[in-house]
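In the two complexes that follow, chain A is the common piece, with chain B as its partner first and chain C second.
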Partner chain A sequence: MTDSQHQTQKLPLLRVEDLTVRLRGEAGIVHAVSDVSFQLQRGQTLGIVGESGSGKSVMARALMGLLPRRATQQLDGRVSLAVDGRVLELLKLSEREFRTLRGPRLAMVFQDPMTALNPVLTLGVQIAEPLQLHLGLNKAQAMARALELLAQVGIPDPEGRLRQYPHQLSGGMRQRVVIAIALACDPRVLLADEPTTALDVTVQRQVLDLLLALQRERQMGMVLITHDLGVVANRADHIAVMYAGRIVEYAPTSRLFSAMRHPYTEALFKSVPRLSDPSHTRLHAIPGRPPQLIDPAPGCAFAPRCPNVQQRCRRETPALTQAGDEHLHACFYPIGSREVGA
Partner chain B sequence: MHLVLRKLPWLIGTLLAVSFFTFLLVSLLPGDPAVMILGAGGVSPEAVAALRAELGLDRPLLVRYFDWLGSALTGDFGRSPMTGQSVMDAILSRLPVTIQLGVMAIIIALLLAVPLAMLSAYHAGSRLDRAISGLGFALMSIPSFMMAIFLILILAVSMNLFPATGWVPFSVSPAANLRSAALPALSLAMIELALYMRLLRTDLISTLQQDYITLARAKGVPNWQIMLRHALRPSSFSLMTVVGLQLGGVISGAIIIEEIFALPGVGRLLYQSILQRDLLMVQGIVLFIATAYVVVNFLVDLSYSLLDPRVRHAD
Partner chain C sequence: MSETSNPQLRARDDIVLKVEHLVVTFDVGRELVQAVSDVSFDIARGETLGLVGESGCGKSTVGRAIMQLPPPKGGKVIFKGQDITRLEGEALRKTRTALQMIFQDPISSLNPRRRVKDIIAEGLQIWERPNQRARVEEVMEAVGLDPETAADRRPHQFSGGQCQRICIARSLALDPDVLICDEPVSALDVSVQAQILNLLEDMKARYQLTMVFVAHNLAVVKHISDRVAVMYLGKLCEIGSVDAVYQHPSHPYTQALLASIPELETSQEDAIPLLQGDIPSPMNPPSGCRFRTRCPKAQAICAQQEPAMQASPSAIDDHFVSCHFPD
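Up next is the complex of A and B:
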């Protein structure tokens, strides 16, 4: 996105520029996130889609200031959050300053509700904790608020639940509690990292609809991370497709589906199960495996799996370029271009 | 309550087995108790036979076991043929010393181990962590009698902070009592400390990698509060087990320590009874210690349900 466009748009709630994260893994330095840029407006949902291992969770953790301290080899770029009429540069904050934002400004919903709640604390205590911490409520006030939150996320018999422990709830109910915790201090930005991946299919839709309803009602900015293009299809305003730690295509949702340009986006699209398909239709799994993020080879990371691949792709890394209004892609031979198949 | 009922048969079974083996152990020791009591040389076989009959040693093993168990259940472990003292009275009169020593040792060890382990785990891999772990290994490799001697030399002889030996009962002077118990308890605590620290550090490190810790951080909870409120309790199950086991274990540690510090405890009684070959006394003490051990374990088992709600609701 060019600078002139930034100026004509209103100040984004969250603006990420050239975010780069490298982690020390057992096998070497992992290039988990490379040059990721996007912005999020108040009340909007950005879908981030990519296969497992493409760096989505690391990106989300970087935005939350929750990267593993000792394993972080490099953390670069700019993350600007506009709150209270100020713009905060998140990556420049001290741990103490960042902590005061987690909860009331930024919140996160985790992938696996079975492991995200503390097994030895009651649900009431876990929901009340951020309220006491950030809003200065006393125990009784916080519990009363926790009760309201449980009701808002659609948990039946909330009074009884306050004193229960996580293991007494089903996965779907636990995820609702995780959502209640995230929403407790009324955050401006909600990062939902595969919030329904671990849930039963029948529960997935309910939880997604709940998230979306709460997002609209509170006018939060939401980043909805998923490996399933179907999840964000009619829920996100914009979609960013991530591959090997980079955004490879970005567009408004309807435009992405009507005019996708990146071969990887198309491959993802074909791998989405559709209800209209006969039940035994085989999915088009994307052939090959996602690349190692350790010592990435030069060139386009998708080259080994790409149907459009040409010589140039193996030498140069395609940059994210404009392909129309608000539409960007990183590909030398995108879908619909004349050179393909030449 | 369900939990207690479910575990009760196990408790009773274990106690029966323990008592039988204790009985067997002493009965199968080489040497005839009657001969030992009367002295080896120049005693007539008639005198030995008479004493054997008096002690009931001429009856079959199982009969003798149930006889012994029956009296033991009523708290009667017999009388020491050497001193004429009731075994039970002898144990009970010395028990408070040993219990005080053990409890003090465990409390001291926990008070030191928990913060050190939290510091170590929070800074896992750092120089501080390595220093703390090194200290633990050093403490563990020093035998308790050496530790006792070190402590006596430094804290009693050089600095004159505590008495080197002797025991003042609590009823005489609480302050003097604590002072007289300090060094022996500290000697016992040092070894426990290393063990507790290592266990808790390992469990804390794996707990800190759990998603619920990340979620707590995502809530903006300060790090010290994460350690105390979110990480400590789920990490303390193995520590609790070992503390429970060690409640029994410190008694064996106390045998040497009580001897070094000349404390009138059960450990010293056992040590002296072994030296004097007072088998009945040894048998009584071993059964007593073993029973205490099993019962404490049972209680520790039950206490899990306080720590871990998943156990509480497992019915």
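Up next is the complex of A and C:
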């Protein structure tokens, strides 16, 4: 490891510690995110994988300061962002302070590119807006920069597109525009929440490749949130698997796939239909369904569906513990441990 | 549009459902969109045909056109030797009992005000079938719902996966021959998706179903299908057995689709060039071959002449492709 890499190891770009979010729902308090911790280095991609209701999107919104204020019952923990040699504590910022960060420091790409864009403004105006607000460019400068950005995200005829409205573009093109807006002020951290889920498979691949190329070129830290292990398998440096609001396993990508320890990670991995399997192969389904996060029962949230469940799992919640270099899991009886029958 | 010949239709005596020259158009303002244009295929008894393609390719429209929802603009849908596009009223409704359908969003497919047992029994009541209660209990048990606890509840008390089980039970109540599944697992979480796919396989065996399985996920389609038809912008590109289409894809579009899938196995570095651009608007499809604007192999002829269905160079039985330069 070189010296400069060592430096960045010490001071991560983004550090999340014990992030906990409780939201007020119609049926009670939703334990949406519980004790989530991770770090993100400059130039790295963290994949966050989870099913619906695992808390991954709420976590992303908490990092962006975009939780619905009136519905937030509790927001605890620490989120530290290192910028310009300073460390900002994001959860302590006022809305006014946060607003100066969104765009130039932190940016987000959402799942649905139609609702993320304003239907009554031209694309040019929407891309230029953050440039004028944050970078102080005048309108002509901002439009010139918007043109460059559209070209960078691979939109043909960017000049003509500047004057068009969102409905005149296909889904894939719209998502490229959303990416252009997110990147307009050169953010240090990019949160991408299911950025390709609404897109067709041939377009998904183009958009993912584009995101990765831009991330490498600009040395951003990227959090790529998805329900599809396949999306992050070849793209993330590290993967965190979330279940019921908690990270249940965290590891470098290759290690996660070669030596997964948490039974949920394995079950999720096995339940995905593969192209390499012959037709009519029986799938490994996980019995039951993900838990409701209102008044969660004590113990491990995966216990009711877990093949390795023991008495202890129903009483205590396992903490995220070290299982080797950069590999963490939250399980009392992880795969490969002695207590579990072979 | 001229009708093409259909070498892909098989001469077998166990064909349950045959679709010939199917055309479906929609009015969009002043214009007409041809959502499905001249599609033909057949399905033998006990087969599952997977229908794949990206959004807007017409795959769901084909599924609905088979059900006569709405009746297609042109072509025939021949079910057990009878062209059902010519049926109307009572005769059509009666035939539909043998053709059932399940949909993508299981929650919105169920009436939220009704109890599960009434939802499942509705078809039985309409057709005044005997032993309704026993039949409802039987299909509920078959799909993994406990009649004791589930029968009197309403859809909102169930998760998406459970609601899809209710939809499957409802579709099976009238003992259909053909089950048309329109993206039945794409709204479900991965862990629940596997349960429903396994269930559909079990139900197919238990009730001797013939299935049409419409989906955009090629891995899912491979798991459940015997034959696969690939569609692009309302046209059939390729059809063949699962092994033929997945091991020896002949159409450049099929190859690109297969190469685009994010796979768990690492290092899938592409031998096949990635597709550029987006799907053109079906309002104004390209001339000749509709895929040519994104095709890495496109030549002048592709813009001039629409390719006809022909036997694939793979030389596998019943493997057909519509391309001027197939592999």
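Please note the rule applied: the second predicted complex is superposed on the first by the 322 of 342 C-alpha atoms of A that agree within 3 Å, B and C clash if a C-alpha of one lies under 4 Å from a C-alpha of the other, contacts with A are read in each partner's own complex, and residues count from 1 in each chain.
The definition used in the following text is that contacts are C-beta pairs under 8 Å (C-beta built on N, C-alpha and C of every residue); 3 or more make two chains touch, one makes a residue touch a chain.
For clarity, every value in this text was computed on a predicted model and none was experimentally measured.
Enquirer: Once the two structures are overlaid on chain A, check if chain B and chain C clash or fit side by side.
Expert: Once both complexes are aligned on chain A, chain B and chain C fit side by side.
Enquirer: Could you look at A:A267 and tell me whether it touches chain B, chain C, both or neither (first, second, both, neither)?
Expert: In the superposed model, A:A267 contacts chain C only, not chain B.
Enquirer: Considering only the touch criterion stated at the top, classify A:M242 as touching first (chain B), second (chain C), both, or neither.
Expert: Neither chain B nor chain C is touched by A:M242.
Enquirer: Thinking of the overlay built on chain A, is A:N234 touched by chain B (first), by chain C (second), by both, or by neither?
Expert: Touch partner of A:N234: chain C, not chain B.
Enquirer: More residues of chain A are touched by which chain, chain B or chain C?
Expert: More residues of chain A are touched by C.
Enquirer: After superposition on the shared chain, which partner residues are touched by A:A285: those of chain B (first), chain C (second), both, or neither?
Expert: second
Enquirer: Tell me which partner A:M108 touches in the superposition: chain B (first), chain C (second), both or neither.
Expert: In the superposition, A:M108 touches chain B alone.
Enquirer: Is A:V201 contacted by the first partner chain B, the second partner chain C, both or neither?
Expert: second
Enquirer: Which partner does A:V16 reach: the first (chain B), the second (chain C), both, or neither?
Expert: Neither: A:V16 stays clear of chain B and chain C.
Enquirer: Looking at chain B versus chain C in the superposed three-chain picture, what is their shortest Cα distance in Å?
Expert: 7
Enquirer: Per the contact definition, I'd like the list of chain B residues that touch chain A in the complex.
Expert: Those in contact with chain A are residues 125, 210-212, 214-222, 229-230, 233-234, 307-310, 313.
Enquirer: Which stretch or stretches of chain C touch chain A in the complex?
Expert: Listed in rising order, the residues are 54-55, 159, 161-162, 189-195, 197-198, 201, 216-220, 222-226, 242-243, 246, 256-258, 260-268, 274-279.
Enquirer: Okay, in this complex, where on chain A does chain C touch?
Expert: Per the touch definition, chain A meets chain C at residues 51-52, 156, 170-173, 200-206, 208-209, 227-231, 233-234, 254, 257, 267-269, 271-277, 279-287, 289-290, 305.
Enquirer: So in the complex, the part of chain A that touches chain B is made up of which residues?
Expert: 61, 64, 66, 70, 99-104, 107-108, 110, 112, 115-121, 129-130, 133-134, 165, 167-168, 178, 181-182, 184
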